[in-house]
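You will see subunit A twice below: alongside subunit B first, and alongside subunit C after that.
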Partner chain A sequence: MIALALISGAWILVDGSREHSGELSMWTFAEPHYAIYVPAVKEWNAGQHVPVDMHLIGRQVMDRRLLGGFLGSVPTADVIEAERSTASLAFAGPLEAVGFVDLTDRLRAEGILDVLNPPSLSPWTYGGRVFGIPHDVHPVMLGYRADIVEAAGIDMDSIETWDDLFEALRPLQSKAGDGGSGVDRYIMSIWDSESDMIETLLLQAGGGAFTDTGELAIDRDVNVEKVARMVSWMVGPDRVATHVPEFSPTGDRLKVEGHALCYLMPDWMCNVWRRNVPTLEGKVKVMPLPAWEPGGRRTSVWGGSMLGIAKTTKDIDAAWAFAKHLYLSEELALELYRVGDIVTPVREHWDNPLFDEPDAYFSGQRKGRMYIDLAPDVPLRAATPYFTQARAAVQNAVSRTRTEAEKAGIYDAKSIEPIARRQLELAQREVASLIERNAFHRDSVAKGGDE
Partner chain B sequence: MSAGSRKSKATTFILVHAMLLVVSVVVVVPLLYLVISAFKTEQGFLEYLFLPKGDGFLGIDWNELTTDQIERLFKGDIGIGRALANSIFLSATTAVLGTLICAAAGYASAALRFRGRKSFEWLVLAALIIPPPLLIAPSYQWLHTLGLLDSYAGLILPAIAPAFGVYLFRQATLQSVPSSIIEAARIDGAGDFQIFAVIALPMLRPMVGAFIIITFLAMWNNFIGPQIVLQSAEKQPLSVVIYQTQTAYYSDYGLLMAGTLVSVLPVMILFLVLQRDFISGLASGAVKG
Partner chain C sequence: MNAKAKPKSNFAPYMLIAPFMVLFIVFTLVPLIQAVPLATHHTFGPSATQYVGFEKFSQALHDPRFWTAMRNTLLFTAGSVFIQLPVALGLAMLLNKPGIKGRGFFRLLFFSPQLVGLVFVAVLASVMFQKQKGLVNSLLAGGADWLRGLPLLHANSWLPSRSDLLGIPWLETLALPTLIITALWMYAGFNMVYFLAALQNVPRELEEAAMIDGAGPWKRFTNVILPSIRPVGIFVVLLSVIGSIQVFELAYIMLREGVGVQDKGLTLVTYLFKSGFEIGDLGYATAIGWVIAVMLAAAAVTQRVLQRREMTA
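Up next is the complex of A and B:
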């Protein structure tokens, strides 16, 4: 054992002296992003710039290393591409304690704020200051099995609201064996266990766990009403919703079999489908989300990442120059769409004809343009370190509401509302008690219930 | 022995061995799956559960198996070689230092008479009931204050004197080192350190073997700790580096399996080498008290 310690120690000593190829380092968490950046970083390093080392690391690993670095004032990567749940960890204290560099003045001085899609800045704006360049917009559309729906002669263009959707597609709902289908068929893929989907639909309605200004408001009326309606989709013998898990082989199988006809489809999800269920090419289409009410918002938002610069960086200017190259260049924005189906938040690139090209996977639709048309309308999201806890609390509340409604045989949305209200109030108290422990966020706990 | 008694013994034997067989299958199958998966292609991983059927020996298509994943692991930019060295260094150093310190502290607690000995024992017992997750935040603060974040020492130092180890060696000393031998050595003029190193430690050998494995494994499998304490990519151990091959939206299963295999092998070898000590160590003073 002593020999092992000595030999490995010597190995580390020798290896530890190697030099990094880059003077700056960057972390990213998503393999598709990484693949897009590799040539860009190579090109950057070949030019007259401060060279950069890029690392692909797991999200949970990044969470811990980021927080550890920020709290302990030890160096992290210089440039960090962080998903919303990771980046928001940095927003737990006062402004001056945020581990990312405040980019507001640079963004304003260089006119970058004007070219970015305004709602896409909200998750990275804390205390009125912007701490990251948005990577994406992530508008959400409704993906549907066009082959099945169109074969039944249903005109999806005539659908404006969720109620319209369920009414129009109701004839296609069937049990295994009925109507020639080998599986149970439902209209919509959404379930009480899917916190992301629930959040997406609440945001579409103008609700969500937090107000646009970051106040906790889980039990406000809009959430109560929308949760009750969502739960009504999931209960009873004639429920219209089912569970098709994303990112799982089981879910992919169910998609191919047509277990659900409609899915929430943020732009990045198009890429996940393209990679994981290639056999559905030409059988799927997207359309704007049905609104909650006539004339209502036809999109929402799901996910999001930013590029931030750590305060511990050795060279802020070099990191800033690299960040701009990576996130603002048209070349990379187009590559992001070409390889990852992700629409850039940089509005001046939206006119590029690439976004008008028909997409064979989506039955020849010009889906890039369709997503861009919805981009300015994506809902705002507050930057808060508690959004993951709040999202989980809302999901639990939805789950409890569904169980209670199912047990009591209550299937009508209006009758489910009192249960939803009680459960959301519980969730509000639960998250509020968590936030109230934080002196810097205590004020963000609203009374709740009042719009 | 009557025929009935022999029959009953045979039935018990069969039943016990049948149960052991089932348990062995439960233990071996995942390991077998891991080993086979490490040699599958990316496509093969999703296509078949164990080995691909074919016209080869035993009806298996052996040509489908590949060492690509292992090669990718070592040739790619994952840094698995360095991660392996880090894991070995962290685990071996902690095991050696931890065992020495715990053995010394346990011996002192059991065999020496000094002021505050009772308080020391109570302190050790009290420390035993503190759940480790509760210590993460204060440890982090201490490491920050001492400037030990992002250093190997930041991981090793807090792990070299666990209360569990001190208590284990205290019990082992009471069980295995007779006080008459200590007294005799003292009369012969041996000092405390000499008695510990020359007389007590060899008598505690089974516990030393067991504790080395326990400490080595604890550090080898430490996943949260390195993520909190270490920042530099080149200092990360295998547990973290292998996990990092899984990213959002995509998991490279082939690479993950190959990495897991590489991380499991050294521990298996260590266990095979020290298994006799490990088992006798656990079966001795530790459990009898």
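Up next is the complex of A and C:
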């Protein structure tokens, strides 16, 4: 064993291929992103630039290593593509301790702030300073099984609100044994265990765990009302919602079987479907989300990534030049849509005809344009280190509300509201005490109060 | 010549324990010492620290999630001790029966989860316990369908519907029972090996003497077998308690966000991990760590006391 350890150790030491070829290093967590960036990085390295060495690492690994870098000065990459929950780890300390370079002045001086879709900047803006270039917009539409819905003669264009949707599609609900479709069929895929979906729908309504300015507001009225309505979809013998888990073979099988007819579909999810359930090509369509109320917002947001520069990087200017090349170039923006179905946040690229091309998977719809049309309406999200915990607390509140309503046999939204309010108040207290534990936050609040 | 005998070198023992001591000092002792001041500070990296006294401990005592984690951990521990160990002992007794065929095969079968490892078992279990298409719910639904087909049972009137059975939320609100079942699968065979070894050392003459005296199976079990395997039993119980208090990987791999829905699968170590490595509150995580350390120390002291009592008895 000792010999084996010595040999492998020596191998690692002398193996030249393991050495970093670039002077700058970059981490990304998403395989599709990595695939898109490889040619771009190669091209960059071939030019007269500071070369970059890109690594694909798992998201959880990145979380740990990034936190290690911020908390313990463990080396990190110079340029880091981070998902929202990862990037927010940087914001748990005082503003001056954020591990990413403050890009606000550079973005402003070079006019980049003006070309970016404003909602895309909000998750990376902390204390009024921007710490990353946004990667995406991630507007959300409603994906639906067009083959089933249209065969039943239902006109989805006439649907404006969630209530309209459930009323129109209710005849298509069925149980496996009742001679209908042969499978349990529900209208909507949403469940109390899916914190992302719950957050998406609350944001659509103008709610969510935090206000646009980052104040904790889990128990505000808009959340109470919308949680009660969501729970009413999930309870009772005639419930309209079911659980089709994303990113799982079980979920993919259920999608093919038509267990649920409608799904929340951010732009990146189109790519997940395309890869994981190719048999549904030509059977799926997207439409703007039904609004909570007539005239209400027809989209929301789910997910998001940014490109940040670590403060420890030796050559910030070189890292900045590379970051701009990667995230702001038209070529990359188009590739991002072509390969990943992701709409760029750079508004000046939105006019490209690529976004008007019909998409065979989505029954020939010009889905790129549809997502872009909704992009300006995407809700704002505040940057906070506690959003993961707050999102989980809201999800627990929804789940407890559902359990309680189901046990008590309460199925209508208005009657569920008192339960929802109580559970959301509990969630509010839980997250408030979590924030209270952060001595730096207390200090900044106290300073703010003194001013 | 009367050559003086060279004094024996005392260097060798120190050399032999040196590798362990180095690792122990670097990875256990130093962090343990550092954990004392860390629990009294709020930190965000070395440059941002603030002394907060014993506030982190007081916050833990007033934190409902901490108590949820404590309750879940204790319930999981109880499940390990009161379900897993009797099952392990039962399996060991079955395999210890004289003349049983395929003893080696069954021993391997029950021990096999240990061979593939915890992560593999947890991943497999998380697939098996899924709603709708998971093996467990499919078997339950299939079994229910079969019962419905039997005449005279009127199974439709008392059995849950197929949809309800397919939708049993093992990995959500039933997270804790699911963890206990998976741990049973994982560790019952492991503990069985200890019990089997102990049972094989029980003198056969003692059992035969008890039989001649008219003792039935239960009397023989309580008066002969149990006292004979008690030292091993105490060891296995305490090993299970210590392991259960530290449960983390199973929950982390099997459950959404590592905790399941409504924190039903939140354990103390998971909460420590989340506080330290998802929020970055190392002080709070350390305070939770101290609570776990006290619990483990109490378990270890109990083991020592019971072992001493056993030896002096």
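Note that the second predicted complex is superposed on the first by the 417 of 451 C-alpha atoms of A that agree within 3 Å, B and C clash if a C-alpha of one lies under 4 Å from a C-alpha of the other, contacts with A are read in each partner's own complex, and residues count from 1 in each chain.
The rule is short, and it goes like this: a residue touches a chain if its C-beta (ideal position, glycine included) is under 8 Å from a C-beta of that chain, and two chains touch if they have at least 3 such contacts.
Note that the coordinates shown come from a computational prediction; the quantities given were computed from them, not determined experimentally.
A.B. asks: Quick one: classify A:Arg64 as touching subunit B (first), subunit C (second), both or neither.
C.D. replies: In the superposed model, A:Arg64 contacts both subunit B and subunit C.
A.B. asks: A:Val272 contacts which: subunit B (first), subunit C (second), both, neither?
C.D. replies: first
A.B. asks: Just to be sure I read the superposition right, which of the two partners does A:Glu150 touch: subunit B = first, subunit C = second, or both, or neither?
C.D. replies: Neither subunit B nor subunit C is touched by A:Glu150.
A.B. asks: Quick one: is A:Tyr386 in contact with subunit B, with subunit C, with both, or with neither? Answer first, second, both or neither.
C.D. replies: Second partner only.
A.B. asks: Once chain A of both complexes is superposed, is A:Gly72 in touch with subunit B (first), subunit C (second), both, or neither?
C.D. replies: In the superposition, A:Gly72 touches subunit B and subunit C alike.
A.B. asks: Where does A:Glu406 make contact in the superposed view: on subunit B (first), on subunit C (second), on both, or on neither?
C.D. replies: In the superposed model, A:Glu406 contacts neither subunit B nor subunit C.
A.B. asks: Quick one: is A:Ser433 in contact with subunit B, with subunit C, with both, or with neither? Answer first, second, both or neither.
C.D. replies: The second partner, subunit C, only.
A.B. asks: Looking at A:Asn396 after the superposition, I want to know if it touches subunit B, subunit C, both of them or none. Which is it: first, second, both, neither?
C.D. replies: Second partner only, subunit C.
A.B. asks: Which partner chains sit in contact with A:Asp377 here, subunit B, subunit C, both or neither? Use first/second/both/neither.
C.D. replies: In the superposition, A:Asp377 touches no partner, neither subunit B nor subunit C.
A.B. asks: Could you tell me which stretches of subunit A are touched by subunit B in one complex and by subunit C in the other?
C.D. replies: 64, 71-73, 249
A.B. asks: If we count contacts the way the header does, which residues on subunit A are in touch with subunit B in the complex?
C.D. replies: Subunit A residues touching subunit B: 1-2, 4-5, 7-9, 11-12, 15-16, 18, 25, 29-32, 34, 55-61, 64-65, 68-69, 71-76, 83, 247, 249, 268, 271-272, 275.
A.B. asks: Can you check the complex and tell me which residues of subunit C touch subunit A?
C.D. replies: Those in contact with subunit A are residues 42-48, 50, 52, 56, 59, 62-65, 130-134, 162-163, 166-167, 169, 172-173, 256-257, 259, 261-263, 277-282, 284.
A.B. asks: If you look only at subunit A, which of its residues touch subunit C in the complex?
C.D. replies: Residue positions touching the partner: 63-64, 67, 70-73, 89, 92-94, 97, 99, 175-177, 184, 192-193, 195, 243, 245, 248-250, 253-254, 259, 385-386, 388-389, 392, 395-396, 399-400, 403, 430, 433-434, 436-440, 443.
A.B. asks: For the complex, give me every residue of subunit B touching subunit A.
C.D. replies: Residues 46, 82, 85-86, 88-89, 92-93, 95-96, 140, 143-144, 149-150, 212, 216, 224, 227-231, 233-234, 240, 243-250.
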